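One chain, chain A, appears in both complexes that follow, with chain B as partner in the first and chain C in the second.
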Partner chain A sequence: MRNIFTTVVLLLSAVLLSSGCTKKQDVNEKVLNLVSPAEIKGYDPIQADDLYSGREISKIYEGLLQYHWLKMPYELVPNLAESMPEISKDGITYTFKIRKGVKFQDDAAFPGGKGREMTAQDFVYSIKRLADSKNQATGWWVLDGKLAGLNEWREKNAKLPASNYDEEVEGIKALDNYTLQFKLAKKFPQFMYSLAMPFTYVVAKEVVEKYGKEFINHPVGTGPYVLPIFDQGKKITYTKNPTFREKLYPSDASPEFKNLLADAGKKLPLVDKVVVHVMKETQPAWLKLNKGEIDYYSVPKDNFASAIKDNKLTPDLAKKGFILEIAPALDVTYTAFNFENKLFHNKKLRQAMYLAFDEKKSNELFYNNTAFPAQSIIPPGIAGNIKDYLNPYKGLKLEEAKKMLAEAGYPEGKGLPELKYDIPDSTVSRQSGEFFQQQMAQIGVKIKIVTSPWPEFQAKVKKKAVEIYGLAWGADYPDAENFLQLFYGPNKSPGANGSNYDNPEFNKQFEDAVVMQDSPERTAKYEKLNKFLAEEVVAMFGVHRQSYILEHGWLRNYHPTDLHHDAVQYLNIDTAKKAELLKNF
Partner chain B sequence: MSTEVKKSNSLLKAALLKIVSEKVSLIALIIVAIYFGTALLTSLNLVASTWNTSIGASYLAPGADALFGTDIFGRSVATRVIKATETAVAIGVVVSIIAIVIGTTLGMLAGYFGGIIDEIIVWFYTTFSSIPSIMLLVAIAFILGKGTTTVFLSLGLTSWVGLCRIVRAEVMKHKEREYIAAANAIGATHSRKLIKHILPNISHLLIINFTQTFDSAVKAEVVLSFLGLGVVGRPSWGTMIDDSKLELARGVWWQLAAATLAMFVIVLAFNILGDALRDALDPKLKGK
Partner chain C sequence: MNLYAYILRRLLYVIPVLLGVCLVIFVLFNLVAPDPAFILLGKHATHQQIAELHHELGMDKPFIAQYFDTVKTAFTFDFGYSWASKQNIWQMIKAGAGPSLSVTGPLFVISNIFAISLALLVAFYRGKLIDKFVLVLSIAGMSIPSLAVVLFGQWFFAYKLGLFEISGYENGFPNFIPYVILPVILYVFISFGGDTRFYRTVILDEAYQDYVRTARSKGLSELKVMFKHVLKNSMIPILTQIIIQIPYLILGLIFAESFFSIPGLGAMTINAINNSDFPVIKAMTILSAVAFILFGVITDVLYTVVDPRMKLK
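What follows is the complex of A and B.
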């Protein structure tokens, strides 16, 4: 009897298991399967201060401008704006014509459940919402001090029980339903970039008011996809927005993207459904990719050796039709000093430490030798990066480092207190901390590693409660200003300048440069500032990373990118090829 | 009274004799002694002082060059495992001492005085033990910040409840005994009765408890390190296992194997020793 029972159980589980393994994907349906490596904080554009939330929000909401999908270097083009703005001669007034006939997605917040037409007033409302201190928008920094009268409006309304959105602000006006005018407080050419960031995406007042606090879970935008309600789960499913306007796949491209023009002129979005899997751990996502259940994923550090040899895919991956995409990221990793601590005002100490750090070895251990050693803060691909420049203080130059440390007043590290090195508490961060400790030990500098969870680590930096810490900065927009501002005095903690570096001469030069229009003169200024920071060793610049992304042969139009949060609408699936390739899995 | 003390002495002696006479428990005792000896030697930098030096390339497989291979920075895994013994033994000993001090003190107070004091202490440890201990560990680690001290304290503060209960019950029993009545008759103070008379009579419980707490502290350190809350800046079996969760994807198994093996052996040895000690010391099991 017991034997029969066991057999039945075994048979049952075998049936269950095999049906689980061979679950067929419906290859005729055009579905994109993507991964988000972090949980989504919600769908409120003004709170989208992390890359992952930004990407999800951009599936539903849109802004005035966007980056051209097939142009490199990054080029701003109109999105909800009809055309690029008219800019007054003094560079202060920006006048936009708004696209006509753009409809908000259907939602119960609108009369009859039908989305109404978007107008210039919606932008005025959305920008004020970003500025309203009651909303505690994490994206306020992009417009802080930038638009005439907006800061004053913010301060005045902070004291009122309810903010007055009807009060006119000089910096942002709707001249009529389809004309929007911005007036800057002072010249700031980078302003246009902020109009392509999720923070300034357009929202409808009715929807915000109907859902109140729950608005963050009820996204209603003008974009290509809809998500009726968001619940924090492991899977987010978007469907095509039936009322999406006539937006077409671009027909022009830079030379390197000419091969992505097969869908030119087709109506966007190209796939019917998008499924985003929230997967924080790399290994399960990697396995899913290898089963064909995800369309692309970046190669995890520890799977690198088994997936890639000499920058090419290993034969068994190539046989499955995988394509490897390699692209430099617009970022920089760095080890920062907290200049509130007088110890680090000793330039020779900073230089000695930088000279003692073996970047080559670090690149090998943590990036499989795929990153570019950073000689300065501005990454390649952004004006201000100096080609072929070599930082004289970049390690490893051990003898020079020892000499420099002696000159700094600490021969062999004598007299120097133990320094605290703060890092987040992931395994890889801890390992990089141990590596830093080893490197500094070579010249006698003692390091104590302090690990904290990511939110606590960020809070410590904001509270200036750190000595040395490791961080990376990714571009918000392709302009050197976004990197150089990390050392601009007025941006001190809790601002982005967590180093609390404050050099009046640098501040002045920076202020002069950022108000200039893009020009060879401005680039020259950026280069000068960049070199200054590098040789002052205001931080130990590590590497500019590269992304190694594996995509399936059936995915079309994909290319790795840092700034196209809205990439999904351009992607396409070749269903016939998918059916064929899946046979190899 | 003096006969009581003598008897307890001979009990301990007998227990030791019993352990030594049995092969398995003798081996366990020797292993524990080796671990403690290693920990002492590494803390004096006589053994494994090169744990932080590279001996070759990263991730060398076990072989002639490196017995247990190398880690991400090319350091010998074998040396690191040995150095980590120091961390493990230190954590085991300190945590057990903290737990025993708290558990015994509160347990004795509750058992001896009874009444409102008993009620307060029982309420306190019941409440305390209703909080999942892993949550408590994490919470304490967050408040105190990172480091070895935190691991000591957080584990010590969460491991005393079991002992406290046992001691309380045992003291309740003892305070009714004749020798305490005798002590009362000659006017002994509370503290004298507690420390001089009752404590020696329940000391076997503390020894048995020590072996159990040591065990669980060593294991808990691994859990803390795996959660990123453990020891930083010196090798521990927990951080080694944490490292290897990523390395397994590249086929690097030796760090996991070495750390797990080291931990397995001492935990097993302590378990056997604990059992043998209980058999030898617990009067109720005597002669069975």
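What follows is the complex of A and C.
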């Protein structure tokens, strides 16, 4: 017995003795520590359909265009392109000059292990790869039907055992090593945005062929950082790409970003190493932020009250040098009606339901009162959003709602069947479903909440097997078309129009607007469409959310953003300030 | 019965069990689980893309053909590639097994030694203050939700006192040690209540047997009685309890791995479930079934070692 006790005591002592076992940070090293709240699916640009994979991929790969880091509203600028394209008068042909001397990162796929120069042919290959149905690219939608002959190439090759990448496609040609030409199938000015998205980033054919199925874990791009192999771990460490071209920090900025010009003209990237911690749980990430082990993190819902009071940091956090960044997200939450169900063709029913919903209370309960009430679908910051517009059917107006419901043919809800409200099965969704149920009960509309795991929920929407459902939409690019298309008839399920709304008048006006170049005329058309959707109550628009992010005082050049996937290259660490501030922790 | 014949017979049971497991996972995946195409293709998937992906994944084959594919996987252990990460599944398992075992291994050893020692101690002092104290502590340990223990432990020991890493993991010995100490300590606490209560009951059951009384009346010391007689004769339920834990060691700790960002097999399995990554779910289910059968056989064989009266039939 004594031996067993001794063993136990020794083991416990060993554990206790090693209790000082923590890793110390080297504050002199320029290392960025970031959090990814979701698993990274891998490093194939054509599969980067989620924000987090897009961000990781953009550390290694690059595209023709990018968003200017210091300009708002978002502005496209050249990246691997030498300049902005020459666009033909009919708006169909886009000709790009490609930057010379850009090298792919060194990898065993290249002769001698040395990365070769990127050329226009690499873009042709990368675009065809996105179109190749054998690759099942999640990003195919950005070019589906957009480039002349590309859909035909895709369909033809789908039937072949191996796709023929040598076959010429009219819509994408390398005129020489440094000239790339796109020909659109029809006018679509938003095409330019797709060239800043990870889906169209350039990859090297040799690398794709060498690694085959495992290409997704062997990223080799032209970008600022390298990652020799992705092992699906919880900690991803990138190091500076030694062969990265001479890319400089921008020297011009919008007025709100003038304070971020201290590093103007410096060679990018600004930090030597980037460590991404994959942390799905908010508590450990929040604790790590508070210990100075990660550089910025969005304030978790459960920590909001203890961190922020009246949109300001609590004194404790302010003393530690934290900076609070509040930024509107380019998104909208909404409760959609499925118009395949004839019941929802009754406009007064939709209006009555919207009038019965207390958005103010909902904002308070679910967003700590931090979100903007959405009057229609286009969020602030995107042309087409109407400043100061108030949707006449939004807000709690119970008497009006009851009257409208009676006019719809369902006084006090009589004769109206119980409506199914589909939501994903998270706790917050369930709570918001219950809140919706209570709100509708005020006018006699009975709601049955149906929860499903996220994939099943998505599948039900795609199969039109829902009646009412709650959803949020985030911008893929900063153009109202990306939001208005959610109600465009030809996009019905399984397309993005899960409401299956199909109004010929709206469709026609949408088609007319989206082919126009950015102009006051187009903005006027977008505004008209936006107002039309609001007053038709095609959906019960909820809120445009805001991000509340805490950054450490030593982090430089950071601003929250929805579309700059490549932000990391611009960020910097003030090591002296870090050493100083860490004394307060 | 000959030991080898018994082992062979028990191992042959793997065949019907695996066929059953294949049927269950096949039915669950095809009839209950959502269509993976919607996850794998993202929010902009079209009908055509969905049909193409179904074809690529073999989901448009007749059900019976798909079932035989599952059976073939189970018997060849050729799990293929993950639908989500495109990695070879054996490589994923190899990569995840180390981090999982680095937590579950020490946890298994420490928690069992700790619980058995404590059980012996309280059985020795049954009815005394220390017994009552451990009883209260055990019940408290069993009553506090594991989430609360992890949240508090992470906040207090790692953040407030700064004794351990909050979360994270580094591959290779000894790099991983700072990251696994806290989860191991917290999980020893989470498991000690139930284990100690169980072992105490088992030991006390034996402690009141006639042969123990005889041993005492022979004048043997209490220590000798406890170790030479009671513990030895309690080994059957103790062994069962210990060996049944081993397959769980291999499968990892799902919740802990997520909270402590440990890239183990538990985290991998949860990820696969969230992504409807059928090949990975299939692989982990089959491996679990095989592990349970295998360790069941080992338990039976060990029974005969600790108690020669036991006969294998």
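Keep in mind that, in the parts below, the second predicted complex is superposed on the first by the 562 of 585 C-alpha atoms of A that agree within 3 Å, B and C clash if a C-alpha of one lies under 4 Å from a C-alpha of the other, contacts with A are read in each partner's own complex, and residues count from 1 in each chain.
In this section, a contact is a pair of C-beta atoms (placed from the backbone, for glycine too) under 8 Å apart; a residue touches a chain by one contact, two chains touch by 3 or more.
Quantities reported herein were computed from a predicted structural model and do not represent experimental measurements.
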*Considering only touches as defined above, state whether A:K41 meets chain B (first), chain C (second), both or neither.*
second
*Regarding the shared-chain residue A:Q283, is it in contact with chain B (first), chain C (second), both, or neither?*
both
*When the two structures are overlaid on chain A, which partner does A:D302 contact: first (chain B), second (chain C), both, or neither?*
first
*Is A:F435 in contact with chain B, with chain C, with both, or with neither (first, second, both, neither)?*
first
*Identify the partner contact of A:P453: answer first if only chain B is touched, second if only chain C is, both if each is, neither if none is.*
both
*Is A:G233 contacted by the first partner chain B, the second partner chain C, both or neither?*
second
_Output check: A:A185 vs chain B and chain C. Expected answer is one of first, second, both, neither. What do you get?_
neither
_Contact breadth on chain A, by residue count: chain C or chain B_ = C
*Residue overlap on chain A between the chain B contact set and the chain C contact set?*
283, 452-453, 456
*Would you pull the chain A residues touching chain C in the complex into a rising list?*
1, 4-5, 7-8, 11, 15, 18-23, 39, 41-42, 44, 49-50, 133-134, 136, 138-141, 144, 158, 213-217, 231-235, 277-281, 283-284, 287-288, 290-291, 293, 452-456, 458-459, 462, 494-496
*Would you tell me which residues of chain A are touching chain B in their complex?*
283, 286, 300-306, 364-365, 425-428, 430-431, 433-435, 437-438, 441, 448-453, 456
*Please name which positions on chain C make contact with chain A in the complex.*
33-36, 38-47, 49-50, 52-53, 56, 81, 84-88, 92, 95, 110, 113-114, 116-117, 120, 124, 151, 154-155, 158-159, 162-171, 177-178, 181, 184-185, 223, 226-227, 258-263, 267-268, 271, 274, 276
*Please name which positions on chain B make contact with chain A in the complex.*
52, 58, 72-73, 142, 145-146, 228-229, 232-233, 239, 242-243, 245-251
